[in-house]
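Shared chain: chain A. Partners: chain B in the first complex, chain C in the second.
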Partner chain A sequence: MGKYLLRRILQMIPVILGTTLLIYALVFALPGDPVRAMFGARPVNEAVAAQIRSEYNLDKPFIIQYLLFLKNALSLNFGMTFSGQPVISVIGRAFPVTIRLALMAFVFEGIFGVIFGVISGLKKGKWYDSVILIVSLLLISVPTFVTGFVLQYFIGVKWRILPVTAGGSPGFLDLLMPAMVLGSVSMAYIIRLARTEVSSNISEDYVRTARAKGMSNRSVIMRHILRNSLIPVVTYLGTDIGALMGGAMITERIFNIQGVGNTLYQAILRGEGPLVVSIVTILVLVFVVCNLVVDMLYAVLDPRIRYA
Partner chain B sequence: MTDSNTTISENTNDFVVQPLHGQERFVAPIDETPVQEVDSVDESKVASSMWADAWRSMRKNPLFIVSGILILIILIVAIFPGIFTKVDPNYCNLPQSLDGPSSGHPLGFNQQGCDVYSRVVYGARTSVSVGILTTVIVTLFGGIVGALAGFYGGWLDAVLSRITDIFFAIPMLLGAIVVLQMFKTSTSIWKVVLVLALFGWVTTARIIRGSVLEAKNLEFNTASTALGSSPLRNLFRHVVPNALAPVIVLTTTSLGSYIVAEATLSFLGVGLPTTVVSWGGDISDAQSLLRIDPQVLFYPSLALAITVLAFIMMGDAVKDALDPKSRV
Partner chain C sequence: MKKVSRLSYMAAAGSALALLLSGCGGSSSTSSSSTSASTNEVMNVYGCEPQNPLIPANTNENCGGNPIDLLFAKLVTFDTKGNAKNEVAKSITANADKTVYTIVLKSGWKFSDGTPVTSESFTKAWSYAADATNAQVNASFFSLIKGYDALQAKGTASDAQLSGLKVNSDTEFTVTLNAPSSIFPTMVGYTAYAPLPTSFYKDPKAFGEKPVGNGPYKFKSWTHNQSIDLVKNADYKGVQPAKNGGVDFKVYTDPDAAYADVQGGNLDVLETIPSSDTQTFQTDNTVQAYNKAGSVFQSFTFPSTLTHFKLDKEGRLRRAAVSMSIDRKTIVSKVLGGVGTPAVDYTSPVTPGYSDSLTGKDVLSYNPTEAKKLWKEANAIAPWSSSDKLTFAYNADGGAKPVYDAIANSVKNTLGIDAETNPYATFSAFRQAITDRKVTSAFRTGWQADYPSAEDYLTPLYSSSAADGNGSNDGDYKNPAFDALLAKADQASSTADANKYYQQAEELLLKDLPAVPLYYSNAAGVAAKGVKGFVLNWKNVPVYQNLTK
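And now, the complex of A and B:
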């Protein structure tokens, strides 16, 4: 296990280097001159522009820029945004909001996804199974931004149950509706996954054996069916944390949350290389670490899997 | 009774069955058919393959029938939009802005005064072509990368797998926004398709690599090598067909998700150019009208949802058919 863990952590290094290089190259290739854009409509003062360029290393060749970025990033110095704030403080402001949002969405999709999925898998063919199935299919096929608008309109504007937008420092209630929207698609996938797993495990031999031993229905479901069915669900949930943080871009725009997604989107539009690459690097780190944790969890949950 | 029993056991020892008194013996007529004709493979008929079995069970699945009919209708609308409406989707008349339904315009007008029904009909072509083109490219490219990595293993697998990991770690939407930002001034359907494919091939590559690894070590592959076929022939003749099932399932389901991704990119303002009639663009335009005229938002969303739903249902039906274990 220790050896496996070490190998996986070593494998993460080329992935992180590759991803940052790729994103850096893409952002580098963005059209338009960000320094020129900073002057707006005013005439460009070439001396000032040159000074800014050297300050942000924009006058150096691409690969040098990238290596300089890496060198600084290792000491958590992500440089300055074009508006003169340290990137790290922008990130420090945006990430807590998105982490809270993603965690709420995570809890929401985990709890409701598993409950509905298991109910529907145990009672396959009943009317509520069909209802759950149709609703989950609808949630998958309607784009998140449409779900977001519709919920925002009914819950926020028409019935005034929850706040319409989240604003500066959002609390639990402000983030409740965005979290539901963010988690809705994943919840639908979890429902489908749990349903398939439960309904296929229910006819396994070991379940019949457990029933034949005289085990109560409750214990059969809890100890045998659920334990085996939830392994893939846990895997899905684990990899989803990273996806939720990335997917927050849409939700944060709809509900005007000043989180990572919104910051990143605006940074991309402005062509702010350092900020984009820094945020993406952190997102990729979160994603890669989550994947590793999931693989480790897998070995803990499923005794058949042992890593050498 | 005891008597006859002992007789039989004695007789069987001698391998000669003596007719008992009063017991009839039935002797089958001597079978003159040569062994060849019974045992030989009937080469004139097509073998019942996994695909034939799958097709037979899928045909009866209501999920397949419903989604098949829906997809057929969507394809007809996408190929021949002219049959369904005579109104030009790009003819917009501002005085008619947000007018309700009238004769010839069953769904009313949007903010620009364009006919909503006509735009919904013509939008089908955009969404369906983005979905299909992306899926085709993703499947070909991801399939080739995955098959090569899984089949040859070694350093090729190591290199390809690391590249796959790199692309896998970048969320599709995020990567697509950055790349499309480069082409901001001149987006087209093809650019959106290529960008979606650039970040979408990874899943296919991973799945096909896994199933090729699994199929590679099966006996028929060894047998084929023993018969003298080259590795490349083995790969395409034996391994890939056996690894195809999970890819087909993924392909059908992900087609819908590419359509959603295209709509989302258009919503974020980096997708298709505004001159292309698309559901995503129309939904995006209508978002600010939700409080004034929700139906302008409703119809393109509905069309998009039905299309995606049809492909997801088709994916489910294919999965049920190709995975005999999931049949109930």
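And now, the complex of A and C:
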């Protein structure tokens, strides 16, 4: 187990080096010169532009820029944004907000997805099973920005139940609606996943055997059906946490949440290489770590799986 | 002088319409009694994260520019219509040939840290801004002051001074210019010309996070990506004091979210209309809408080297034919949802010097018969072959697509020629291609002046000195007669005289059509219900000082 963990962690190094190089190259290849863009369409003062370029190493060849970035990153210096703020403090502001949002969405989709999915799977064919199925189908087929704008208009603007936008330092209530919007699609998938698993496991031999032995309905469901049904759900949830953090861009824009998605969007628009690479690297880390945790969780959920 | 990336760059303040609405609504008696009263209410207004620290000479966009304009009082200020009024200056007097200006300051002005505003507050700030070593994006604004070129050399000391600035006393200094300019007293109202306190030079970066100014508001706090909070400056001595207790710029990345917040009453003022709401905001009864002609001039430019459209007889005929085959009225009402006004000159309706009766303005109205006739005449000079086509390039990130599709179709249908569009993904890629002169077709150009003067719509865009990559004369239009009229205006004795020359110059442009005027983007915006005093000024920005609720 320990060896396996170490191997997985070591594997992360080439993954991160590869992604940073790729992202740096992509930002570098973006059309348009970020320094010229600072002047709008006013004639560029070349003396001033040269000064700015040398300040941000933009006058050096691509590979040197990248190596300088890596060298500084090793000492946790991720450079400065064009507005003169340390990249690390921009990230320090954006990530807590997004993490809060992603966790709320995660809890929302996890709890409601599993509950509705299990109810649906256990009582297949009942009227509420049909309702749950139709609603989940609707959530999957409607894009997030539609759900977002519709909820924002009715719940926020019209009925004034929840705040319209989240703003600067959002609290629980501010993030409630965005989290529901962000988690809604995944919730629908989890409902369907859990429903299928439960309804197929319910007719398995071991369930029949457990019932025949006189086990109570409650422990049959909890110990046999649920435990086996949740393995794919956990896999899905694990990979979804990364998607929730990186994919919050649309939700963040609708609800004006100053998180990772919004910061990344603006950084790309302004051609801020170091900021884009730093954010994406952290997102890659989140993905890799989540995958690792999911793999570890398998062993807990399914005693047949062993890592060596 | 800034190029405008968004087609629907609609900064707006709904004052006039708001007043009108409240008057019609029957609540006029209550609201009129409170309009003059000051309140201590803090207004929540639309803002965005500044691209640079809050330093006047290093800010050329509205996110930082709007707060900075409230924090710093310049020599002159502009009323809502764009007329200059002395603020910190007591007088600005020119010598006979308009090359030397003597500026006398009013006494008693103070920065909010208690230090006095003196001649050096201006001269040192301007020299700092002009000095390339300090890498200020507005440096070029000082290029008309003598000594500017010397400060562009590599390795100039960061505290070097412009040789054209001479301090006579604490309240008087003289400015020597490189060339005559009658517009200088207006220019000094632009953000970059703000005075700076001595504390700035100790640590400019720290100052940019916590600016100290002399304007109608004082800096309170700036939480990045959240808000910039300003409070009323009780010591302010100028002509536009605050009627509210303060202004909080709430940071948004997307105007759609801001619009929803205005509807919900969480945001008081938004001076731009998201494209999804342009068709509906005027009938939206959850907000107060504002929509008036604004200061953004939209056009497309013909490069002077473009085959068939060169500045010769054939080219002029073809340019006029294309211009007359565009139905501006329909485009404005159908495509833009009415938040634009068809163009009739080369400035804007809210700019002093605007005229709707220039000789030759007929070339800007839709006239298919005349267009076909002119096109035929041009064909007689040099034939338009079936392989020729007319292309319009534009940036696709500012909402210009429907407009340029409509233009291309209009031209195609009227003249019966092959016309198509060529979108660039981003404004910066588009501008770079234009600057590098790699665009070999007609291309979109949009412009908003930095100070309210016809000069700022003409000199940077069409003068010979701004051609060949030295300015924003992107089509490299050169016309000595046009330059001569601008030079005459520069030495004119009054603004009215200068404007006469500018209008004559525009009449030359209407003959040559270096750029084809399309429409003025409107100043459009929304305010929450209950907000009073919502007015948009000459640059489509709310007059924040007048807002109350």
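Heads up, the rule we're going with is that the second predicted complex is superposed on the first by the 305 of 308 C-alpha atoms of A that agree within 3 Å, B and C clash if a C-alpha of one lies under 4 Å from a C-alpha of the other, contacts with A are read in each partner's own complex, and residues count from 1 in each chain.
In the analysis below, a residue touches a chain if its C-beta (ideal position, glycine included) is under 8 Å from a C-beta of that chain, and two chains touch if they have at least 3 such contacts.
Given the structure is predicted, the values throughout are model-derived calculations rather than measurements.
By the touch criterion defined above, A:85 reaches chain C but does not reach chain B. By the document's definition of touching, both partners, chain B and chain C, reach A:157.
Within the superposed three-chain model, A:3 lies out of touch with both chain B and chain C [touch as defined at top].
Of the two partner chains placed around the shared chain by superposition, chain B is the only one that A:22 touches, whereas chain C remains out of contact.
Looking at the shared chain after the overlay, A:304 reaches neither chain B nor chain C. Look at A:213: by the touch rule set out above, it reaches neither chain B nor chain C. Of the two partner chains placed by the overlay, chain B and chain C both lie in contact with A:265.
Comparing which residues of chain A touch chain B with which touch chain C, the overlap comprises 31, 149, 152-153, 157, 253, 265, 269, 271.
Those residues of chain C lying in contact with chain A across their complex are 1-3, 49-53, 60-61, 132-137, 139-140, 152-154, 205, 208, 223-227, 250-254, 256-258, 260-261, 263-264, 266, 286, 425-429, 431-432, 435, 460, 466, 469-472.
Across the complex, chain C is touched by residues 31-34, 36-45, 47-48, 50-52, 55, 82-85, 90, 93-94, 149, 152-153, 156-157, 160, 163-165, 167-169, 252-256, 258, 262-263, 265-266, 269-271 of chain A. Across the complex, chain A is touched by residues 162-163, 165-167, 169-171, 173-175, 177-179, 181-182, 184-185, 256, 260, 263-264, 267-268, 280, 283, 287, 290-291, 294, 297, 301, 304-309, 312-313, 325-326, 328 of chain B. Of all residues in chain A, only 11, 14-16, 18-19, 22-23, 26-27, 29-31, 124, 137-138, 140-146, 149-150, 152-153, 157, 196, 199-200, 242-243, 246-247, 249-250, 253, 264-265, 268-269, 271, 276, 280, 283-284, 287-288 touch chain B in the complex they form.
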